[in-house]
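Everything below concerns the one structure shown next.
Chain nomenclature is as follows: A, B, C, D, E and F, assigned in order of appearance, with residue numbering initiated at 1 for each chain independently.
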Amino acid sequence: MTGPVSNFDVTSVWTDHVVVLPVVLPIAVAGAMFLIDERRRALKAGLSLATMLVLMAASLVLVSWAGEAPRVYRLGNWAAPYGIVLVADRLSAMMLALASVLGLGALVFSFARWGRAGPRFHGLFLLLLMGVNGAFLTGDLFNLFVFFEVMLAASYGLVLHGSGEERIRAGLGYIAVNLVASLFFLIGVSLIYGTMGTLNMADLARRIAVPPGGDLGLFEIGCAILGLAFLIKCSAWPLGFWLPTTYSAASAPAAAILAILSKVGVYVVVRLSLLVFGEGLSLQFGRSTILAAGLATIAFGTIGLVAARDLTRAAGYAVMVSSGTVLAVLGTGNGAALSGALYYLVGSTLAAGTLFLLAEVLQRGRDPARTAEPVFADEYRDPFDDADATEIGVAIPAVLATLGVGFLLCTLVLVGIPPLPGFVGKLAIFMGLAAGPLAAAGWWLIAALTLSSLGTLMPLVRLGIQTLWVRQDAPPATLARSEFAALAGLLAACLALALWGGPALAYADATVDWLVRPQAYIRAVLGPVEGSAP
Amino acid sequence: MTGGDFPLWAACLVVALALAGAGFALTGSLGLIRLRTFYERTHAPSLSATLGATLILLSSMLLLSLVEGRPVLRDALIGLFITVTTPVTLILLSRAAAHRDRHEKRPGAPPKT
Amino acid sequence: MELVLSLGIGVLAAAGIWLILRPRTFQVVLGLSLLGYAVNLFIFAMGRITVGAPPVLGVGPGMVSVDDPVPQALVLTAVVISFALTALFLVVLLAARGETGCDHVDGREPHEAEPDAGNPLP
Amino acid sequence: MPPHLLLVSAALLPFLGSAAVIALPGHARNAAAALAGFVTLAGLACIVLLYPQATGGEPVVAAMDWLPSLGVRLVLRLDALSWIFAVLVLGIGALVVLYARYYMAAADPVPRLFCYFLAFVGAMLGLVLSGNLIQLVVFWEMTSVVSFLLIGYWSDNASARDGARMAVTITAAGGLCLLVGMVLLGQIAGSYELDTVLGAGEAIRKSPLYLPTLVLILAGALTKSAQFPFHIWLPRAMAAPTPISAYLHSATMVKAGIFLMIRFWPVLSGTESWYWIVGTAGMATMLVGAWSAIFQHDLKGLLAYSTISHLGLITLLLGLGSPLAVVAAIFHTVNHATFKASLFMAAGIIDHETGTRDMRRLSGLWRAMPYTATLAMVAAAAMAGVPLLNGFLSKEMFLAEAVDSTGAHPINTALPFFATVASAFTVLYSLRFIRQTFFGPPARDLPHAPHEPARWMRIPIEALVLVCIAIGLVPNLTIGPILAGAARSVLGDRTPDYDLAIWHGFNAPLAMSVLALAGGVALYRIFGRRIDTNPRGGPWLLDRFDGGHLFERAMTGLVLGARRLETILGTERLQPQLRLIFLAALLAATATGIGRGVDLFLQGRTTAFDPAFAMLWLTGAACALGAAERAKYHRLSAVILLGGAGLVSCLTFLWLSAPDLAVTQILVEIVTTVMLLLGLRWLPKRDEAIPAPLSERARARRRRLIDLGIAVLAGSGLAGLSYAVMTRPPVEGISRWFVEEAYPKAGGRNVVNVLLVDFRAFDTLGEICVLGVVGLTVFALLRRFRPAPDSLERPAQQVRFDAIDRAREGREPGHTASDALLVPRTVITWLSPFIVLLALHLFLRGHDLPGGGFAAGIALTIAFMLQYLARGAEWVEERLRIRPITWIGLGLLVSVLAGAMSWPFSHPFLTAAFAYWEAPVLGKVPLASALIFDLGIMILVVGSSVLMLVALAHQSLRRTRAAESEAERAAAREPA
Amino acid sequence: MSAALILDWGLGLAQAMLTLAMALAGWRMIRGPRAQDRILGLDTLYVNGMLAIVVHGMRTGSELYFEAAFIIGILGFTASVALAKFLMQGEVIQ
Amino acid sequence: MSRLLPHPILSAALAATWLLLNAPPSPGSLVLAVAAGLTIPAVMRALRPAPVRLRRPWALLRLAGLVLADMVRSNLDVARIILSPDQAGRRTGFVSIPLELRDPFGLTLLAIMLTVTPGTLWVQYDSDTGRLLLHVLDDTGDDGWVRRVKERYERPLLEIFA
């Protein structure tokens, strides 16, 4: 163990504070907004929009910095492992950027209607984002717990935003399950502290290399319980049944931003399993569990998708499938595939979030009973036995056309049809898996991903046809300007991700490369330590 | 632990006060078990809150004053506030019980005023 | 002491889990509270236990063997958070009770049919 | 213009055109058609200009990086094979544009059609020009997607929707397989570049991954080219407008699969598996397609099944594995595209002019539209393989191959027979098509009176028929060199010698041709009447096995099965979810513990046993168990017992050296109890006496037993873990540093508080955010709270109290309650300042002694709460203006600003500063910025917890107010 | 017998008596029979617990436990008052 | 005076409490005690309690002494009752006492006194009749309790609070 590190030896340049901005700014703005009268909506909307823009800029700055070296921010000027540090490395920066893009989209979308449906929407929204950002940035296990709770608390608020029976019913289960998961989180973290004596992730990783005699078993029990908590949070089967119900009940912007919430769980699993168990320990148990959980999640998510009766529910299951994919790839331990999975995570999360928004517009004003329509309204018919079928096309209103294009793009991403990010991600995963020794796990995963693509395609096509083409009951959908802007922006982000797939994949590659060499992370956080391997 | 140069008489006094206080508190709680009706039992906790508390707090003040070498009186505040607040509970509680018992026409219900 | 405390933790946890698995929302909120106590004590126990050595300096015995302050700080944070979330859960269960008219965790009595369970197809 | 620029222009133009044409207004039929026509013709010109280079040996290549880390480039590569396909795509495309301009109704939003159409042209071009395996997949899937849009163009039409769905499901599924196959292929070859892959045939066929690769790639090819049993989507795709059917479903898209098999023929063919899969599929498709075509009544249906049959024929050729068969396949691909496209267009004209495509209603059209009839007859003759037309030449080649390939395989043995039979079927349905449509008595009761179509609408057919005749008459002058180039670009050195002459002498193929022609005519003579009317609708023998129905049934079954599985594998009910979670935790912990051989009872250290502590926990455990037991029917008791358990854990903290925790725990305990009580009022009455249904009881008992098991096991587990850790020697961790440095570096003696407001202040910041967020959420929820009807009425106790007051003179309702609260009120009123004092004390001394902002905030909250309790909400709020949300905001701002105060001093966020101020009289006054942070915490805690309490408390008030206004309304109604 | 020993044993005994008193109060909380009995038990539990804290402070010679005891002394009645009021009025705050 | 110090006794009590809490007194804690005494009573402005006028503060002290003595005595009495083996033979019961005292503060003090002396339990008070229902653990069956409450406690209180 090192001697105490003096805390006054570091002064920072002002640009360093960009690292903490994603956490501090939302709190400050949310705090200020609680002081402003609720009726001054325009002011609040403007404030939160400006905040989101700053956050996005900050996250992009962090992305560009992370390419050179990770930034370590010592809160309170206390050095790790004693103080809490924020670590903006490639992975964190990437997730931050994703959160800010999706957050911006959801926020702009909310300007049209949802910002007004319940009190203090914008404040809650910013605090949710702050929790997400904090979770991505922190280098401390318990601090991670705190940010998880911020994020979940705000998400409870947003899920319940606008009330209504369905929402409250779903919210109750969501909260109960996540409260239990949080308790597991606490048990796991404290067991780790009790056996390792530290909370800092880097310090933990370093200590595991030289395990204190005998307590490794207890420590691993702690890890197992902690891992379980994360698997609940990223809605792995059979622990994640709460997700589709909750997300489909939530208001659209909330659901869109929730799409990233389960990814926080995925992020943590990736982060911890590679940092703490990447070297030194071969946690075969953990890895195969993650693989199995990932595969099962993909399977269940696909089944749910096929079974889905409406779009929001399908989107919820798509979120599950995407989490499962990343987990399963992580479980195979294939680095190249993992970089594809990270890329895929970004693309699929964006698409799923967008789909929630789209679904809300498409199903707006529809009687919920009607959305549970028959699957095939017109089956068992001879294709040429349709004497009085109309064979005159109908001019599609611009709104519907926009929604159609958006829906199509989301479907393409989620299914993994080229040339959008879903395809690029899956391609990279396939190539990574195929390049490595194709063990049974690789085959299983390839099969699962292919089947899940198909399983995503069928229901999305079915639901898309139902909502966009079958028009006898579809109301003339209206689309506010802000909603259009949000959808267009998010879809443009998807397209850009595909178009600049080369650089994006290179970034993901470098990220994985950085993640699988935890020593560099440890050095960055704790500084050079004598006695450690060069 | 408290210092070794602590006078024996003081130790005995402190312990005696504390034990006496604890004894009253214990007796009061025993009353909670032994007394037959609710209204009888309601008298019991007062033992803890009054003499029991007084003796123990005295004991504590004595001990701490001797240890610190100055009068330490703040424990008296506890006594003061507990004296003031105990009636609040008991009054509300007995009033509620009286009302319930009268409504349910239980034997031993208090007479109507 | 260790044995007593760990048994206590166990009983609190068992009672809490039992209640969390019950069908009535109020049972669940009580269960969450009880399990919360157990977990708080558990976190606290991870710093090992000592009697009479609070981690407050300059008062009482010196700084040689005070209790581990870190788990205490963690428990404090956890207590606050679980307090908040218990309150939230309580309010949500009340809202659910108001909206659905029953206090079952699923928002409907189990013998009632699930809405929309009927298949649209033959 | 340099060749690669021409190539790029050709590839890009359709996409640019597609984007441009959608910008046109919906009724701009002419402009849209002109634009589309121009684009296709310009593209065609580019490709035609490249003919010398394409056939010159080295392909024309233009490349661009896309995903360099994956080895994926965008490579446009034009060789002779792709040249043929590109010309087909663009040439027939241009004709289809012209045709569609006149085919589509004025009301149709034509720009959208042309937008999709041009996108399709672009995708198809991208596909045939792919020089990279992944790029090929990209455009492959793009054709599936765009064709989905095209088939569903008339989306109001249910069969269009169904057809589109089926087509995209099957072809995209194939595409997904193709992707995996291509990845494997590239992996085996070591590159995704087409040139490299084509050069690695030996390695690929020897690879252990060959079979899966082959199967996956063929899954793509066979679905796309509608091979049995995947052919079912093609007839349903005929719901597309006829120009689209002509283009996609005969000339181009379905040929993509053929193209793929030709393209990779050099590396994938020549093995047993190739032979079996491709050969069998082709043969089956050819026969089933032809047989089904015979019985169609719909013109497009007949042509669709005929297309399937011809695609099967080409596939069969490719499956045979001989180079000459490949040449025949390429040749027949071109021929089929020309005659089938023209037939589709002719069928479209008939439909357009008569209003029906049902051959049973059509008759004698020869008289009304002789010119169209002639064109259709020539094309049909080409389809039937009549000499002097192109279809005859390629069919001869096929029959020759059928005769030649006499290997050991059973397919080979039967091939000549089946080839003849299929050809005879072709003759049969061609004959039927012509006879039933154009001959016989003039049709009555057609929707429109038939006449020749617009002049321009016939031009595309004329052009295509001309091609059929030209190739048929002078093959060597027309298709010869092109075919040779294409064959060479595929087969390289293995290119066989062949002769495209019309006359090969009397040989077996000719005999088979004659036999087929004669057989077809004979069969039609015998069965014609019955086939023409065929009341059974479907093809004989096969009508029981309608693939379309099976597909729909399978899809429905899939959805129903998925729903079934969803309920089996998942649940929406909370209890099973939680049960699973706890079981998983048990399993995870146990498995790890056993796997690692954890001994929970090592006992490194123990603390001296104290019976008093044990006694304490006896109470605590009893309270906990009591609470668990009573929570269902006796909620109030359970709350009381919970309070007992809370007090015991508070005392435990204290006993074990955590005074801060004890303080916080007891405060939180009090507030929680009050909150639970506030909630209790709105819950339904629950009565033990009401028995559960008998059927439920046994199940409930079993469930309770399981839950009891889980609870006991999990509790024991947690106990064991805590015992194990507690009895192990402490780990040399970070904690010592905090104890040593708290005072010297952070200026606080209470290490726990220093941790909270300085070392780990970031945690605390997050924690108060949670509190604030929850406060707001509670507020939002309760604003819309609607109590259940059965908890609307006032509590019985209050009603009875009021009754007492009403019964007695001089007393108003509320007096008795007020009397009961007389003493509590006074005590609480005078106690309040002292509670505030306590809060101040806790707040100020927190840094050095137990306490802190949170404890102070909760103490203040309790002060508020007591006022509400003693006086009621209305009374308090008349006197105190409570704005908790403002406090929450203020608290957040103050804490964040306290944290950011360090920024001007170039220190990170939350860097605390402390100093001792030598004040004149007071002496050393400690000043710590952490105190400001703590102040923020206190403000927020008060705001948030007061908000929660008040919001809860207000529900009763709202109910009362609602009742009052109801009473007022009733009173107002009475006099009126 | 030294003063320290007397203090240790004597105060230990006092504490044990107080925890026994708590246990008796707990018994009443569990046995009831009526809600008012349980609330009474809880109130007694609080008071005895508070006294136990004071004695614990004496045993360990530390002033750090005062705040906890003081808080119970001044605020501990809140829970039982709320319970009692609920019993009386069916509602804690109206 | 009343502006600055609306409740002087309360202010003094608060300052004293602060000093007790923060012993040993230092200049700093003195300043804070004064500050607390001056500022905290401001909360009372909102609550507007009925004004309390102490006529004879010394009588209050004497009464306190009396109650203290009674407290010890009744504690012993009740302890004996609890520990006595014969629980069945004892008489307990309710006593109704007509009170003249109407001042809420005075009534509160009476309630405190009755609670502090175990054996008497305040059950119900009617503001319009002024009747107090008391439960006594050791019911003498005569008006002993009525006299004791009225003479020992109520009269001094009536003297102290107008």
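We adopt the following convention: a residue touches a chain if its C-beta (ideal position, glycine included) is under 8 Å from a C-beta of that chain, and two chains touch if they have at least 3 such contacts.
In UniProt terms, the chains line up like this: A = Multicomponent K+:H+ antiporter subunit D; B = Multicomponent K+:H+ antiporter subunit G; C = Multicomponent K+:H+ antiporter subunit C; D = Multicomponent K+:H+ antiporter subunit A; E = Multicomponent K+:H+ antiporter subunit F; F = Multicomponent K+:H+ antiporter subunit E.
As the structure is a prediction and not an experimental result, all values here were calculated from the model.
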{"item": "Contacts common to chain B and chain C (chain labels)", "value": "D, E"}
{"item": "Contact-graph distance - origin chain A, target chain D", "value": "1"}
{"item": "Central chain of the complex, centres being mean CA coordinates", "value": "A"}
{"item": "Pair of chains joined by the greatest number of C-beta pairs in contact", "value": "A-D"}
{"item": "Farthest chain (mean CA position) relative to chain C", "value": "F"}
{"item": "Per Cα centroids, the chain farthest from chain E", "value": "D"}
{"item": "Whole-Å separation of chain centres (CA-atom averages), chain C against chain D", "value": "37"}
{"item": "Distance from the mean Cα position of chain C to that of chain A, given in whole angstrom", "value": "27"}
{"item": "Separation of mean Cα positions, chain E and chain D [Å, integer]", "value": "59"}
{"item": "Where chain D and chain F are represented by their mean Cα positions, the distance between them in whole Å", "value": "73"}
{"item": "Contacts with 2+ other chains: residues of chain E", "value": "15, 18, 20, 22, 25, 27, 39, 41, 60-61, 63-64, 70, 74, 76, 81, 85, 87-88"}
{"item": "Contacts with two or more other chains, residues of chain D listed in rising order", "value": "556, 559, 563, 572, 574, 578, 582, 610, 613, 639, 648, 655, 659, 680, 718, 721, 725, 730, 733-735, 738, 740, 760, 763, 767, 770, 774, 777, 781, 784, 797, 801, 820-821, 823-824, 827, 831, 834, 841, 849-850, 952"}
{"item": "Numbers and ranges of chain A residues touching at least 2 other chains", "value": "142, 146, 149, 153, 156, 160, 163, 168, 172-173, 176, 180, 187, 191, 193-194, 199, 375-376"}
{"item": "Pairs of chains satisfying the touch condition", "value": "A-C, A-D, B-D, B-E, B-F, C-D, C-E, D-E, D-F"}
{"item": "Residue ranges of chain D touching chain B (in the complex, touch as defined)", "value": "797, 800-801, 820-821, 823-824, 827-828, 831, 834"}
{"item": "Residue numbers on chain D that touch chain C, as the complex places them", "value": "556, 559-560, 563, 572-575, 578-579, 582, 605-610, 613-614, 617, 620-621, 624-625, 627-628, 631-632, 635, 638-639, 642, 645-646, 648-649, 652-653, 655-661, 664-665, 668, 671-672, 675-676, 679-680, 682-684, 686, 693, 696, 707-708, 710-712, 714-716, 718-723, 725-727, 730, 733-735, 738-740, 742-743, 749-752, 755-756, 760, 763-764, 767-768, 770-771, 774-775, 777-778, 781-782, 784-791, 848-850, 854, 944-945, 948, 951-952, 955"}
{"item": "Chain D - residues contacting chain F, complex", "value": "808, 810-811, 815-816, 818-820, 822-823, 825-827, 829-830, 832-834, 836-837, 840-841, 844-845, 867, 879-880, 919, 921-923, 925"}
{"item": "Chain D contact footprint on chain F (complex, rising order)", "value": "10, 13-14, 17-18, 21-22, 26-28, 31-32, 36, 40-41, 43-44, 46-49, 104-105, 107-108, 111-112, 122, 124-128"}
{"item": "For the chain F and chain B complex, residues of the former touching the latter", "value": "17, 20-21, 23-24, 71-72, 75, 78-79, 81-83, 87, 92, 94, 96, 108, 111-112, 114-124, 126, 129, 131, 133, 135, 137"}
